[in-house]
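Shared chain: chain A. Partners: chain B in the first complex, chain C in the second.
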Partner chain A sequence: MIRETRRRGAWLAATVLAAGSLIATALPAYAETGVSSSEIKLGITLPLTGAASPGYNKIGNAMNAYFKYVNENGGVYGRKITLIQKNDEYSPQLSIAKTNELILKDKVFALVGPLGTANFTAVHKSVGLAKRGVPSLFLNTGFSGFAKKANYPASFMILPSYAMEAKIIAQFLKENHAGKKLGIVYQNDEFGIDGMGAFKAAGTKFDVTVPYTSGSQSAATAQTWVSQLAAGGAQVVVFFGVTSATAPLLAVAAGAKYAPQWILGSVGSDPLTLRALGVPVAVLNGAQTPAGNPSPNDTSDEYVKQFQEINTKYNTGTAFDDYVLQGMNIGLMTVQALRAAGPNPTRKGLTSAIETKGSTFASVAYSPLGYSKTSNVGHTGYYMAVMDANGDRKPFGGTVKLYTTDSGSGPVVLSTFKRPAMPAKGLPSNS
Partner chain B sequence: MELWPEVRCAVRKKIAFFILLGWLLLLIGDRIDELRVYQGAQIAMYTIALASIVLLTGYSGQISLGNGAMMAVGGYAAALSLNKLESPVWFAFLMAVFFSALFGALLGAAAARLSGPYLAGTTLALAVGLPEIANQFAFLGGVPGILFDVGFPPARFGEEFTQYKWFFWIATFLALLSLFITSNILQSRFGRTWSAIRSNPLAAELSGIHSSRMKILAFTISSALAGLAGAVLAMTISLVAPGAYTLTLSFALVTGAVLAGVSSLPGVALGALILVAIPEIADVLANSWGGGENFSNYLPGLIVSLLLILSVIFTPNGPGENLRRHHHKKASEH
Partner chain C sequence: MKNFKFKRSLTLIAVSSLLSITVVSIPTAAQAAPACTTANYVTTCLGATTDSAPYMLITPANFNGTVYLYSHGYRPNIPVPAGIPGYGGYTVTNTPEPAPGGNPQVIGALLAKGYAVMGSGFARQGWNVNSAANTNVELIGIYKKQYPKTTKVIAWGNSLGGFQSQYLAEKYPELISSAGVLCTVSNAPVVSDKAADALWLIKTFFDPTIKAGNYSAGTAGYAEAMGDLVKVFTVIGHFQAAIAADPIAPAWPATSKVPDALKAIPSRSALILSALLVGVPLQSAHFDGTSAPAGLPAANALSFQLAINPALAALENIANAAALATFQIYDLELQTGGTWYDNTKTDWAARVADERFIWASALSGESATNALLGYLAAVPKAEGNPVARAKVAGLGTHTGITKVPTVLYTGVADPLGTASEQQSIIDKYDAYLAQQWPANKNAAVRKRPVNNQLALWGIPAAKYTKFTAAGSPDTTVAAAPGTNHCNFTVAQYVAVAELLAYAANNGKNMSGGPLLTKLRKAGNMTYDRDYAAPRNKN
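Let's turn to the complex of A and B:
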């Protein structure tokens, strides 16, 4: 009897010990996914290789360079930021697979700067980001559909929407190209249709309309676009597509001696990428484009100057261009968001911090940020710029004339907004 | 007359086996982490796709390198049915089967005149060209593709029941159903007829088999299976896009079928498991070599090609087939 009781006691002790050790090993050092006492893990999917990679492939490394700089200067409340980059080759199905890896395998705290309208639409649905409550910060796409907070409760845009961009171009056309024959080449998907809807609402009537299916762009298809534009006598041509389509369009038009006034949308107007794709610089000379940020060559700008210094030290050998500037700026915004979430960040806390404090974050872009409890809209405006013979851009008319608007029926207004100053040494101290 | 009760008993046993297997898989699905559940859905998808190759190549002897294209037909049919006709999900899967079968029948009619490398070449051209057609038509969504949303799992399964578990359940059910139907077809007179055509077409014709008609039938059923796999693939990524049905996918399927033994239906699950494991292995290798993300996407393709080459050199019928023969030989010795 005694022996049996002892044996039972031994079994009980062993069970308690085993269960205890299991619980002890199962308990994480910190209760939130992707956050430990010394590290915050973030993830990004972007095209590091493939046709769409030129330019975009710099964003991750630029963000990483900024995070390295912050880590060397104390991190975020003592925690170092680790950014895991995954190559999705700009394909939605790879993007889903890689985001799955980031969330289920690498167990990141949040996604930062995911790229591409179709990619993020598919990822958000398939991976179930809203249901999981995984914050997706500062999307590298301007699709206004992502501004529906009810559908994308934990996602935050950073770029002005394509609808805003179209409305501002429409205003610019009215003010500067009235009476001229207008043409437009646009990508026939959410991205282009987003813009076309806004042009229609703004009352812009195009004399020649050339839609193209994403992926069909080539020198051969560009021939047909140029023929249609030239036959229709378009004097001002708006291009609302991606850089891989801008390049053949401009190259073919130059070859055919067709030289309208080009207005290149923000997505397809990066000079370095255009040049890398073989577009003669002379064609870019005089092209007009909406821009949100200062030129990456404008060293008189405090943000540009600071980011250039960080780039030289932590991103050695990479030319400083719009993509690097955008990547660093997303890094800067992310650090402010993490700081605003407090010393013990949670996914919910991070989302709530951007909603309540995000509109005051420092950012390189000139326009205000639209974050609030009911809005996940990022920057809300553009100024028009002109490209010079070197592919650099200067504000149209010599000074920055900032227009702000919304993605709906709101008016386009000339803004006097003054952006917040760059935090001292580029290191945010907000809370 | 005495045969029928035996057949009925065998079918009952088979049904019981599949139900038991399904129950076991669902139990496993409850006990593994979410990433593995997702991969489970992928294994189920590959299982259906490989079954289509086993039926076509392993039994009827027709070589197809274009199964990715058949999958694309199924995927687009399902997505268009769901989005344009606003049909229920089960109907979308049915449309995938119907349209890919129809496409397969048309292709089969042309393919019946071809054999060996000519047939392989034709289907290869199809695998290259067909998904690219989507880039030319706006209603097919171009490169970004079109969404294929089967919806959230029913609320009665509870909050803990994830989207991926829902994919896993649907994919597993469809895979088991496909395997059940395929195994019955292969054991029927059709299966025997196909084997006869594959082994000796002339002898089969002399014994009264209409070989072209039977080949077209094989192509049709195989395409239907591939189309269903295409729709399941679309479900797991919530999307139909040309980039999902690449030439790499077609080659991966051929490799999976060869590795598992191309004339073995039970082997398809092993082949599917290998295909899902390859990217995981590639990831580990890429990380251990350093520089990971820049080439980790290309490593699975390299591994697939290497495995196919090695398999063809050392075990032309596939390692799965060799193992089975070895096992049979041993069994007959005892």
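Let's turn to the complex of A and C:
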């Protein structure tokens, strides 16, 4: 009887062992937070509601739409991507709380596209991203400070920095608006300061300077901006702020019949969002703007065409604009980064993969990517564009003239860079 | 079943016996043996140590050999005249406190499990680290003499009492088996400077007639200190009214003497900057630093979220810091014999290198921040007496090196910035551990040092500000968890006590699933080894 039991026990143990080894071979090994045999969890914080949300609130859904498309086409090495969006209402305090939720409760593998300069500064400092080793991919902010690798070792920018943008606008002003009275309205924080420092270094002198405090933008405050600009006789006005501030500025200026040549910074110039916020299309007509991507209406562009198709199917009912394009592109970049990290991704491996291979990733933007072992700089340039009577954006002078530069004292140069082709069917196959 | 009934009845008895204790006269002179009375299976002993600190020992009939030594927090060592908000009518007391606030539920829970509790009221109030340590050491001896069955002593305490408990763990590890360091303050110079910075900033921005130190001798100095307290609360009261009247651009106090150009900046931004410079959190008992009332237009709501709510949080928190500062400055000037506060070398701008970006909206932008910091750089500084200042350092400092298990716990939005104080103890202990492993190897000891420090945090909810139907902030509701000074529930205190008992019995802290389960049941106790609170600014 004893012998019988022992035999049965041995048989049972062998079966369990065999089953265990089967499981071990059938499923990819994983030992990283946010990665299971079937899923990779990612997280984003952004304003989904509130005054700062118009436009920004589309980015997460656009990323998600792209991930759904990838998931339906096999995922990343068989794993499906899940994106968890958290609404921070553009409040840094809330960004901290929501990011803590993403990391500690939802246990995401990485952050992708966290939005807002003050927000990410707060998160990085308070959540301890560096200590935790949580990668932050493709930040939705252009603050050049985030490119400091020593301070932000596992954070990667995607947008050209605000300093780069200002340098390119400064060059454009010299070439096209010399001798005119210049005005600028800028967000009076690190966003605007980043740009103002670069304008100063480039020798641009503004005759009228109007700083505004983030969060204070409204029709009433815009009234004071317009009064100052008009009183100062500004003929060309650069706007360096967010869309929720561009809209009242343009609307109030139009009401006051003040019509300078507008140069709208890339952050606050999406025509569709501005029109949704009540800016008449006629006001936008002729406005000049630096742009990194093709127009979202340019269906001759292979990226735009593919993303529009994905948007139609997976983001039904959402108008395709710059924000949707940006969200989809972050999705595309993320999938390439995950693939580059290999079949068993780790947080360290993901960071290393972007450092070593990120500069070759396909991206909708025309300019080169600056990733390397010593740099977490994203795209590095802009072309100047002008809005037409339909609110569409066309290259200034008819063709894309791409300028690249850095956030420091490097020159602004005309680039001949050719961006990589869109992966077949929009599905990366890199490794 | 019988046993359960016994324990339950013991709990109830303990509660009632504690209540009766308050009317028992407490000896104020040292005596050879405490006076004890036993009722309903609980023996309460009252006595005084050789330095005349009254104490209380409460021991259940089923004493299991472990006693909790509680150290109470800061009590001002001067009376406060009636009529002063918050503290008015306070008289100096050294009533013994054998558990946090003498809470009968906490005491009952411990007695029910066979633990004893004890605590003194200390011989002197105010900053009393050295004196309190002597009292505590003597009290441990008294207890052991009274109850020779004693096998373990667990030290725990709140605020300055947290300091005392950490101090015991560092200096007298042979006397205790574990230590609970709750909402603690750290070194005398750090906590004192922090408080004095708060008062100096209020004086500089809002009322230069505040003396903020260098008080006269005798009753004149006392009157000056109380005068400062009144002025601080007058400034606070002004802000309450001014923000209610015009949250976007609240008026500066009439007492402020800043240049008119500076007064073009909303006064709330100077308040926020003061909080940031000191390290006072921008989440408070009732203000989460992010909520807005329902029904506001979107643009106004954003402004309320980014600028107004944090200002109200700063207001609520900084009142605590500035009031403490008045007591602390006065007390330490008496103890050191001179003006010890000195900010001649303070680099205010460096203190907000990151925060000025994070809170740019609340600070009314970069230009305003530069203007306010420029003003601080330009005005005359407070210059201290080096001898007095050196004496402050001798009033108690932590090394962070403990040889017994410790449990640290604080709210991250404690208005006195105790999260950074707790963090400083963690940092010191980490540095000690980092040195210990190479030292072990050099000594041919193949054993990594065990991390015996369990750091817990009370983290406020993302949103908790309540608004009335009219849209005004409702400050009548209870302070949110993770905010206010030492704002812990009975369940949290009991959980800490149980963790300390485990540590005392096992020589190491609880970990893994049992720890997480205990914390979850107590509520709002977070264990996260990767969490780091902001560091002290000074």
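Brief remarks on what is shown
Everything that follows uses one rule, which is that the second predicted complex is superposed on the first by the 402 of 431 C-alpha atoms of A that agree within 3 Å, B and C clash if a C-alpha of one lies under 4 Å from a C-alpha of the other, contacts with A are read in each partner's own complex, and residues count from 1 in each chain.
Definition applied: a contact is a pair of C-beta atoms (placed from the backbone, for glycine too) under 8 Å apart; a residue touches a chain by one contact, two chains touch by 3 or more.
Remember, predicted model here, so these are calculated numbers, not experimental data.
Under the clash rule set out above, the superposition-derived model of chain A with chain B and chain C contains a clash between the two partners.
When both complexes are overlaid on chain A, the residue A:192 reaches chain C alone and has no touch with chain B.
By the document's definition of touching, of the two partners only chain B reaches A:105; chain C does not.
Residue contacts after overlaying the shared chain place A:121 against chain B and chain C alike.
Applying the stated contact rule after C-alpha superposition, one finds that A:87 touches chain B and leaves chain C untouched. Contacts of A:215 after superposition on the shared chain: both chain B and chain C are touched.
Look at A:48: by the touch rule set out above, it reaches chain B but stays clear of chain C.
When the two complexes are overlaid on their common chain A, residue A:392 makes contact with neither chain B nor chain C. Superposing the two complexes on chain A places one region of chain B into the space of chain C, and among 76-84, 202-210 or 292-300 that region is 76-84.
Contacts of chain A with chain B, set against its contacts with chain C after fitting on chain A, overlap at residues 89, 91-94, 97, 100-101, 104, 117-118, 121-122, 125-126, 128, 131, 188-190, 211, 213-216. Residue ranges of chain B in contact with chain A, taken from their complex: 33-35, 38, 135-138, 141-145, 147, 149, 152, 162-163, 236-239, 241-244, 279, 283, 293-297.
Across the interface of their complex, chain C is touched by residues 50-52, 89-94, 97-98, 100-101, 104, 117-118, 121-122, 125-126, 128, 131-132, 188-190, 192-193, 211-218, 244 of chain A. Within the complex formed with chain A, the residues of chain C that make contact are 282-283, 288-290, 298-303, 305-307, 310, 354, 357-361, 364-368, 459, 461-463, 528, 530-532, 534.
On the chain A side of its complex with chain B, the touching residues are 48-49, 85-87, 89, 91-94, 96-97, 100-101, 104-105, 117-119, 121-122, 125-126, 128, 131, 188-190, 211, 213-216.
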